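Reviewing the structure listed below.
Letters A, B and C mark the chains as written, and numbering starts fresh at 1 in each.
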Amino acid sequence: MTAIASAIASAVGGRRAALWAAVVFVLLCAASLSVGVAGLSDGAPLELLLVSRLPRTAAAILVGAGLAIAGLVMQILARNRFVDASIAGTEQSAALGILLATAVWPAASVAGKMAVAAAAALAGTALFLVLVRRLPPTEPFLMPLFGIVYGGVIAAGVTFVAWQMDLLQLLETWLNGDLSGILRGRYELLWGVGVMVVLVWWLADALTIASLGRDTGTGLGLDYERMMQVGLVIVSVLAALTVVVVGMVPFVGLIVPNIVSRLRGDNLRGALPWVAAGGAGLTLACDVLGRLLRYPYEVPLGTVLGVVGAAAFLWLVRGGRARG
Amino acid sequence: MIAIDGVSLTLQGTPILHDVSATLPKGELIALIGPNGAGKSSLLSLVARLIPLQSGRITVDGLPVDRTPGRRLARTLTIMRQDTGLAARLTVRELVGFGRFPHSRGRLTDEDRRHIAAALAEFDLTELAGRTLDALSGGQRQRAFVAMAFCQGTDYLLLDEPLNNLDMMYGRQMMRILRHLVDRQGRTVVIVLHDINYAAAYADRIVAMKDGRIIASGPPDAVLTTDGLEAMYGYRMPVHRIGDRLFIPHHD
Amino acid sequence: MAERRVWLAAALALLCAAAFLGLNLRGNIAFVLELRALKLLALVQVAVAVAVATVLLQTITGNRILTPSIMGLDALYLLGQTALVFLLGGIGFAAVDPRLKFVIALAAMVGLAAAVFLPLVRARHSLTVLLLTGALLGILFRSLSSLLARLIDPNDFAVLQGVSYANFNAPQGELLAIGAVLTAVAAAVAWRQRHVLDVMALGPAGAISLGVDWRWSVAGVLLLVVLLVAVSTALVGPVAFLGLLVVALAERLTGTRRHAVLLPAAACIAVTVLAGGQAVLQHGLGGASTLGVVVEFLGGLVFLLLLATGNRR
């Protein structure tokens, strides 16, 4: 693993690396467009592309880029490299929000549910951030551990509410991310991710300064609290968008920023395109893999990423320890 | 006598100690001093077998610390730590009672109870015996921990920066208690200190460390010199003698 | 005083067990009683196993907010079961003696726990690293289980649903005897070592300087935890927060963390919660199959409360 990482590191040398990344990315898109039960050669290929494959590919790219960016911002907010929206209860809170919206207000539009989900995600994440302030800063791995349990508690709450409301069947669609249901007309909300990405790009320098901490940030003239609030909103909206449209997708926001940081450093403006592209690439790859593993059946994206992501996180934890 | 012979230590690829050898005689108060990262705490942890020995040899009264059963060693040597883990709601009496664990494995005998009562009296804790640790002040808690180590009845007592978080009054009280253990009970105390003036005032012997090596060892008069201190800390500071005390204003 | 509270907890547990057995007896009384007694035996085993395992894990980790399920142990058990379905097919899986399945899954758990956790414990990495590794392995195992489940065809998937969720209403009867023996042995060992456990609660430095062989003691305690989690998972499925709930209650009730008091108190409260809860839901609210969900939710709330009041350690 380390050998591969260092090979990538030496290959990543600016322009050439970007070129290689672009090639890989195009190949992944092509794979995503061509893999599926219905062949592109029979029937109406253009129709199939426009209605199903293109939306699905776009959704994977948007979800991946959005979650990776959300993870990056989350890590700045928590001042800890080992958290993301799925490890800070953000996605679980969003699921709780949708569930409540569905139960209390079944006729709500998708946008309305999305708003409730975002509000719930905001509350859940804010509570997480308040609680982790009590954790000792000398133990960086305590925060993800805590986050996993925290997310588990919220998920248990979600199950409890779903059971009360007789909505257990619906639950699976929110708790386990899946792109197989994505068709034209069912994913357009995700373009909101693009808006958020532009916002993060615009704020990149301020966020980099915020990542140095409150004192340094304030010393450099940053309104630290305001920045934290903006970041919280960004993370919550990104997580809510993802959960509403495709369901919970774990680990993307954790793995990608960590690998990019090891390869390209911590200046946000430089890292941002890599994080977005890396998240999109990882999600596309896992989605294609899920379609191929038990062809013609599908394995959901959340399941594939659960395996890939947990394995990669384990590697990060062990690698992090080896570095002292 | 604590004999340290050719001890080196590497933690996660970083060398901490380089071929350290020293002899710490019995019945003295010995202070380990030196700048941050000198390896003082690591050396103490090795002697107390909290870190496994990687190379070299450490014996305490002839017992090799890496091969003597833990229970046997626990009757010869103890290290005082303030971290209670989960047990913050212990009463002072329960904590001091843990000192008898190496002797009776938790089933207290009458003799154990006598030792506990004596330790409580010795450290002026009898009135606090029923209080839980989280209801004590910092100084009281320090005293309770020393009382536990006292109750363990070991000849050797190791302490890692016990004066942290103590104000001047409690710091003095702690050092006087330790001095008392050495003078009256004939115990041996090895203590990591940051403030060289405490070391100058209370220690029989000072072991100075820097960069994982012992660079000087001997009575305070011999070790605490302007040149010696510069070698340790990298700047010059005057050493005054007031009465029979050394006094080092290191904060110009 | 703490000892007297333990008797109180024991009395409560007995009362709840009696209620579970005796409420609304109708029809063939002997038959119903026998059925309920078997169920009660399973509940008591699960209660004792979960309570003791949680106390032990919290003691060696010096942390009040942990439960064994975060170490991924129950997920490992599920993975073993899923792998068996994958290898044998649904019909083959159903045909295998449940005791054999249990022993295989248990062997896998002990083997893997030894392979993964012992090196970590022996290398003295910080416990947080160890726990995070465990938690991530748990997620990995769970994801692998559901991946395997997807690879098996939908028919076989249905077989597994039965073993994937905690169900206190229909315990696996065939495992009662072997589970009772394992639980009794593990609980007895923990009880014999109660004084050592008290010292281990002081943390590694304190325990070592009081003469405890920390590495081997931790390894032994982890082995006990693995055994107990295997028993409870095998009997009723994965239980996440029950342990947290009962240990926190026991500590609140007795006001101490001495193991001579805490171990029996936690076990009694666990029996109270499971038997009492089951009796109430069965006869009062008519929804006995949902005790698992309720307990998990309450346990989760306790977890948040512990955090909010800063009682983590």
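One rule holds in what follows: a contact is a pair of C-beta atoms (placed from the backbone, for glycine too) under 8 Å apart; a residue touches a chain by one contact, two chains touch by 3 or more.
Please read all numbers here as calculations on a predicted model, not as lab measurements.
Here C is the chain whose Cα centre lies closest to the centre of all protein Cα atoms.
When you average the Cα atoms of each chain and compare centres, the chain farthest from subunit C turns out to be B. Subunit B and subunit C have centres, each the mean of its CA atoms, that are 41 Å apart.
The distance from the centre of subunit A to the centre of subunit B, with each centre set as the mean of the Cα atoms, comes to 50 Å. Inter-chain spacing, taken between the CA centroids of subunit A and subunit C, is 33 Å. Those residues of subunit B in touch with two or more other chains do not exist in this structure.
For subunit A, the set of residues touching two or more other chains reads 321.
Per the touch definition, subunit C reaches subunit A in the complex via residues 65, 70, 125-126, 128-129, 131-133, 135-137, 139-140, 142-144, 146-147, 150-151, 240-241, 290, 293-294, 296-297, 299-301, 303-304, 307-308, 310, 312. On the side of subunit B, the complex with subunit C involves touching residues 48-52, 69-75, 77-81, 83-90, 94, 98-99, 101-102, 105-107, 152. Those residues of subunit A that touch subunit C in the complex are listed here as 82, 131, 134, 139, 141-142, 144-146, 148-149, 152-154, 156-157, 159-160, 163, 176, 250, 293-294, 297, 299-300, 303-304, 306-307, 310-311, 313-314, 317-318, 321. Those residues of subunit C whose C-beta lies close enough to touch subunit B in the complex are 58-59, 62-64, 124, 194-196, 198-199, 201-206, 208-213, 255-258, 313.
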